[in-house]
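Here come two complexes built around chain A, the first alongside chain B, the second alongside chain C.
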Partner chain A sequence: MTLRFLRNKLVEVEPCSDGTLDVFWRLTDDLLKVDARLKIQPPELEITEAEVRMDRFPPSVCQSAPELFEDIEGVTIGPGLRKIVHGLFSGPGGCSILADAVLESANAVILHFTRPAIQAGESVTDDEEKLANTRAMLSANPRLIRSCVAFQDDSPIMQGIEL
Partner chain B sequence: MITFNRSQVIGAEFPDGETVRFNGIQEDHIYGMEIQMDIRIYDGEILKIDGNMKRYTNFVCPSAIPVLQKAVGMSLKNDGWDKQVMREIGRKGCEHFAEIIIECGRCLRQALMSRDLTAALSEDPGLDQGQYLKNWEETHP
Partner chain C sequence: MKIDLHLHTSDRSPCSDISISELIAEAKRIGLDGFCMTEHQFIWPLEETEELARNEGIRIFRGNEITSAQGDVLVYGLEKDIKGVVPIKALQKEVVAAGAFSVLAHPFRGFKMFGIGELQMSVEQACKKKALQFVNAVEIANGKVRDKENEMAMKVAEALGLPGTAGSDAHNVDEVGLFVTIFERDIKNDADLVAELHAGRFSTGNAR
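This part shows the complex of A and B:
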């Protein structure tokens, strides 16, 4: 059966020579096309530049999106970001696409930093050592506890873990 | 060089006049997941869901697949539906499955608009598409 609707979304993280990170976020579907770019300054992960462009048929509530999106400049990726973003972009009359763009870009930045450790862990072949490494990672990142099925209390990974 | 890249692709079929079938794929440098689910159009209820994990980070992750069945009966039109999906499917199962379901939910209204616009254009190829969609938004609160 043919598709009647298709959406493609893409987020990319690209380190720059000056130490900043460029994040490109794109949404394109039958009715909407959005391109957003954020510049992130480590180590605080401050959003120093933000721009967005909407084409095709943007929702009427997003007419002032390019100006509104600049309000995220100066905000740091970290605790409280979700609340700040929803305060700026969501709610009645808000343009929730902007909130999605920022939060998904922030998540991609976090995964940019996470990926090398996950790749390094793939060189470990011993199951017990893998388990010990995962438990050590959890001990160092207790916010992950109960964040998914693997880190629930009854998971074998959680058995015997000291937190 | 790109150091992290994530793609999401969401497709919508309309197998009959009352149902939309979403096929969602999420691929990135770390994870690879797929969701297929049927939604009843008038109330947004998830009627059926299946998922597949292609790449994940530890041996417990696949046990999130049966957790997907908790989504059956949830409505993608209720207030706070996305938070409910993240709580019940993301936290008790897999966050990445929840991300795909949420993106499918965000596409529900767009898919219906696209379907109706396509039908309207087949009747009137010269239709003012922007005006049609504006009217559609006003008549489908």
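This part shows the complex of A and C:
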């Protein structure tokens, strides 16, 4: 017998006219269809609204997903997010799909801020200019500082950035 | 009455360097009328604090600093043991049911990364912080954060009409009393403390 299983995931970040960001996270497979939306309020990157809808055959532990998902409202995208998300949605009786939705959406938000600078940097050939562009991007988005190895205090990128 | 409403001791919080005996001695030395121990996810047994207070001649109250998903919350008058990551909305439900009092601790602490100044957050934006909907008050003076972060908490509390408390958040003995809450009436026990917090008969100051 051949088993066939197909899964697609999509994350979109859409800037709104009021300065907030809407993040749409969609998962579609043969058993499940999940649509999640998070509203993010810069500059603190707080999740101010969270909605989810699950169709097809959601696991029984996810029956109360829409109410459970609201628990992420007020949480900030930043250090400690993984622990908070797993604390709220994982473990016995938890709905881990919601954890995936939040963490992958948060990742997309970070990429939303970093990608333009990285793309701009790719067209620059001079190393010093490239570094200066990255530092300017970090200064404008201080939430990113210490968010990964490249942006730690002892990284060459961080030299000369006063925060 | 000058009471430091936010303190940690090494007896119950591994992050603190202050033993309970050091805390009592320092509180007396700087002229505090009392202090409230707010360990992380732990509430001191009443019989222990009563005995200490009796022997040492200083008022000792009990609170709890609970880690919610939306930030740390100081809770006074809630005996329930709360473990793990709790959503602030669920925590406030427990607080209301128990007639307790909750304070959003250091609401604009920069996650130990950078200060509120660098975030360039406006008061209007800060007022939208979801956690503020699920507490009775805001900690407007905390000894462990930058001045700008306390200023922002103060402005937000004022804008939203929320009461503001103060506490040192001391983890070292020389931090005790950096900020205190000054109560208008005499407070003898935990129940009095909760009642006076609800009544809003207090202001903030310092003891150093």
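Observations
Assume the second predicted complex is superposed on the first by the 122 of 163 C-alpha atoms of A that agree within 3 Å, B and C clash if a C-alpha of one lies under 4 Å from a C-alpha of the other, contacts with A are read in each partner's own complex, and residues count from 1 in each chain.
Everything below uses one rule, namely that contacts are C-beta pairs under 8 Å (C-beta built on N, C-alpha and C of every residue); 3 or more make two chains touch, one makes a residue touch a chain.
Note that this is a predicted model, so its numbers are computed, not measured.
In the superposition on chain A, contact of A:30 is made with chain B only, not with chain C.
After overlaying the two complexes on the shared chain, residue contacts for A:75 are found with chain C alone; chain B is out of touch.
By the touch criterion defined above, A:7 lies against chain B but remains apart from chain C after alignment on the C-alpha atoms of chain A. Looking at the superposition, the partner that touches the larger set of chain A residues, chain B or chain C, turns out to be B.
With both structures placed on the common chain, the touch criterion links A:146 to chain B and to chain C.
By the touch criterion stated above, A:41 is placed in contact with chain C alone, chain B being left untouched.
Within the superposed three-chain model, A:108 lies in touch with chain B and out of touch with chain C [touch as defined at top]. Annotation: chain A residues 146 touch chain B in one complex and chain C in the other.
The touching residues of chain C, when paired with chain A in their complex, are 69-71, 84-85, 87-90, 111-114, 118-121, 125, 128-131, 134.
On the chain B side of its complex with chain A, the touching residues are 1-15, 28-30, 57-58, 60-61, 63-64, 67, 90-95, 103, 106-107, 110-111, 113-115, 117-118, 129-130, 133-134, 137. Residues 1-15, 29-32, 57, 59-60, 100, 104, 108-109, 111-112, 114-115, 118, 130, 134, 146-150, 152, 155-157 of chain A are the ones that touch chain B when the two sit in their complex. Those residues of chain A that touch chain C in the complex are listed here as 41, 43-44, 46, 48, 70-76, 78-80, 83-84, 87-88, 142-143, 145-146, 163.
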